[in-house]
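The same subunit A turns up in both complexes below, where it pairs with subunit B and then with subunit C.
Moving on to the complex of A and B:
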């Protein structure tokens, strides 16, 4: 059954009209450019995440979508309508605030009903809708409580119900899980995705937590200094980062700088003199021979052994400096002769097994030819 | 050895600075609030006498024989029998209510303007609110009596503009008293409201707009309810002293504006009936403090405090 509602990928379909178009949006606060010439298209029913560190402009962008900030230049279209100069109370968009911004003087029920009351909807209709929503977020029993009588998770769900009450075209979520503890956050991630599938509203989420963005989103937009660096499905962004920045921002990564010494249609060879390491990559570098390139390899794609490999490429040598035991995996920090640090993630498959490799041991790190990815930006 | 240990802890207990810092205000309260209050209560149950002080103490030592303890409730009976006191009290409450309402009507927009002003102007406006306190209270009230007088600036301006031919009687009436109280107590209204507004999370309003609420409606459904605590605190701060206000009605009020403060003064100094005056003061105190304490308690129920009781529910 899950197959039938398998995530569509509308951005792959050239005939699909974008639902939200952000066109050349810039926003300056005084002299500080918060968002710079920003373009993005989001499709109906998507769960899109804007991912970036603090001050990257992701929240400003979200606030411009909500109408709390006016862009310095550019246009925002939602469902074909120009929203740029529409005040927040007239936009078909609702927001879930990081602080939840629940009205402390109103009960859960009144909070959820607040948006509907603004539309002069019939009382009985409001009540029905409110209770449907409270049912959805499992808060029916708490309808008469005030926000201060709720737990963090309950308040988060109240905020969600309130922002969904008006059946917005787009729901904006500003770090929706940031105020929850780790365990609850993991649980809520899936709940939020399920609710999104159930109501079919387009979600745009802002987060600094890459794990959160990866688990929940159909697509992720990586932001830096007011610009978008990469847009793509989580797997795509993780496996095929287009730049050093997005490679380093999402997950951990080992980077080898070198020169392209061989360049073919199906492979490329990069020579890293500093680390005396030759990297064979099973895709073309698409840069001229002899130019600078960076090869990125994820730590979980690096294997660690004590015996020297039989090839002359895709391996390097170093000394174990640090072992971080995380339970499910251990992360080995290996110092190369050049002083470079390389990380390798090893799953702890057996319980109680003594560590096969100890601190200060001389080890070989190797990887497959399809593990590395050549970054030119 | 044990003895030494004990004495050491006892010594520490006494010089415990943290505890001392709590004890000092309590001692202060006991000395200057509870003490006089007990004295006042005891005077209110005594009998007037031609003596110095002019009453017969409740508890006294009768020469050579015994201690006598006599409570007279006659003062209280007298107050509740004579409708004059009830009338004066109601009149005081009425004037105080009018003044509080006037304070609120002027004070709320004022506080809101300070709240919305850019930081530099905010500090300036707060300074302006507090500035009158740097001059004597009496001088300020006198100033009003000259402003409102028959040949004061208001009347002379109206006359020179030709609106009136005779000076208006602005002074010595209820309106003048209300104006005076409103003017003098305005900061007590403005400051708590301003603090309440400033404590308000501004995303509340954004959330309201986001849910389709227009700014004016947001003001009434979000801003005012969230400033409620400040409004109540400010109103109490104005209402309570206004009921017992003596100087302002004395200087700006007419012969009909007899307030309870004036009555108590008359009983104390003109009639030298200390027990009755004390009984009046205590009666007023109780009549005011009980309902206000109730309001304040309802107000104290903290809405933004998080209860941790339900936190476990998240992981159930």
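Moving on to the complex of A and C:
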């Protein structure tokens, strides 16, 4: 059922009105452009992730949505209303801070109740609502504790409950899992998604962790230098990166630079002279013949073998330089004659199986014609 | 074993150095004799004498008034200075401001007192300003010193204070003025109170600044004690010192009990859940 809900994909529906519209937003800090002419539409009930390295402007964008920063130019609409000049304390938006920003002099209960108290709600009503939320995040037993008497995970859940208390139209999450250890983070990822589905609030998350973004989001926006590079569902962004940047930022990738030597509607041929490699791709390059192109191939789509392939396409040859054993998979680093390093991921399907391929062995790397993707940006 | 004995004797020696003089004072405050070093039986007469000594009583009230005023003013100015230094990383003259705020900490009190005294004379002689009278000159000096201490304490608290807390409150719908009174003030209050007490204590036991700046109508308690010692120690001083030790000990004890009770209450609450 949950899967069916996710399949709705409102961004695919041309009749759907966006819930949040960011229109031509720019933000300069002095001479430094943090966000440049930014446009984005987010739909109701989405879990949207802004993904990028540090300093890419993702946090600045989030702070503009919350109202802590004023955009230099552009407009922000939430649910059809212009939010651009509305101060943070009047926006129907709440934020969960990276540091959690819990009020140290208040108990968990008082922390969660703070937002509701600002609305002059009846005391009994506040209490009911607070305990519903504490129930949701499983913190009922800790209601009377102060933040310094809580563990990291409990603090994180308090912050989540507090930011959901006012039933905001949009919840902004600034690196919500960054302060947790790996194990807890993996668990919390799913909890957060479940809570989001339960409360039905639109979530916008900022993160630098691509795994986090991929696991939790309906859509991901990859950012670089204040601009958005690609927006799409996690699978789309991973399998069909639209640029060198998003291909390299999400996951690992092997890139081959060459010239387009054949260009048809259903396929293209790219010749990488430097690595003596011809790449046949089963989709069109959409660029003129003879122009520069990069072919991107994910390491898990590369097969490693000792027997030479029978064709003259989609393979290359090199020497195993490094084998990284990760438990579930091993990553082979293969050095080509040109000095280029190519990665291949091999799943470890059998326990105790001897390494089929050893260090310093001469190997062939091959892939299917639908594995590669042509990048022109 | 021998090492343990050595450690214990060192401990006793140090504590003896600290506390024997005080015990000596307390014991001899009940001495009937007029000579401080000869025991001649138990008596309360020096206590009576202290309480009937108009110099000491007026000195005490001057000191308390002075300490309250200067600690309060110093806390307000010091807190504002700490805010300026922590919240505004860049403004013109920030470095000069920072070192000037801290200057009284390192400046010898003799210099502060002397320079302020001469400055006040100068104001009077050149501008025919009515000379600052009463406790004003000492208050100015004590505020200057107190501001430095309060700034250091409040600043330390403010720097490890997560600014996002204020943003979070605003995000949850609190108006900036409300954020200040509900979030900022409660969080930094303990450090302001600590700063206030420190400034109060500094003012209460200062002799150096007061000796430059006090006038006949503004003689502080430490000055009274100091000047009466010039004519030889009288057992009255012992009695006065004992009263002061008693007040301080009671204060510390009460504060300790209060904290203990609070902790117990918190633990009891926890146990109920």
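Convention: the second predicted complex is superposed on the first by the 371 of 377 C-alpha atoms of A that agree within 3 Å, B and C clash if a C-alpha of one lies under 4 Å from a C-alpha of the other, contacts with A are read in each partner's own complex, and residues count from 1 in each chain.
Throughout what follows, a contact is a pair of C-beta atoms (placed from the backbone, for glycine too) under 8 Å apart; a residue touches a chain by one contact, two chains touch by 3 or more.
Not measured: the values here are computed from a predicted model.
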{"item": "Fit or clash - subunit C, subunit B, common subunit A", "value": "clash"}
{"item": "Touched partner set for A:144, first subunit B, second subunit C, both or neither", "value": "second"}
{"item": "Subunit B versus subunit C as contact partner of A:88, first or second or both or neither", "value": "both"}
{"item": "Partner chain(s) touched by A:153 [first = subunit B, second = subunit C, both, neither]", "value": "first"}
{"item": "Partner chain(s) touched by A:184 [first = subunit B, second = subunit C, both, neither]", "value": "first"}
{"item": "Subunit B versus subunit C as contact partner of A:115, first or second or both or neither", "value": "both"}
{"item": "Partner chain in contact with A:123 - subunit B first, subunit C second, else both or neither", "value": "neither"}
{"item": "Common interface residues of subunit A - those touching subunit B in one complex and subunit C in the other", "value": "66-68, 87-90, 93-95, 97, 99, 101-105, 114-115, 118-119, 162-163, 165-166"}
{"item": "Touching residues (chain side subunit C, partner subunit A) in the complex", "value": "162, 164-165, 167-176, 178, 183, 186-187, 269-270, 273"}
{"item": "Residues of subunit A touching subunit C in the complex", "value": "66-68, 87-90, 93-95, 97-99, 101-105, 114-115, 118-119, 141, 143-145, 162-163, 165-166"}
{"item": "Complex contact set, residues of subunit A against subunit B", "value": "66-68, 87-90, 93-95, 97, 99, 101-105, 114-115, 118-119, 146, 148-154, 162-163, 165-166, 180-181, 183-184"}
{"item": "List of subunit B residues in touch with subunit A within their complex", "value": "201, 203-204, 206-215, 217, 221-222, 225-226, 228, 302-307, 310-315"}
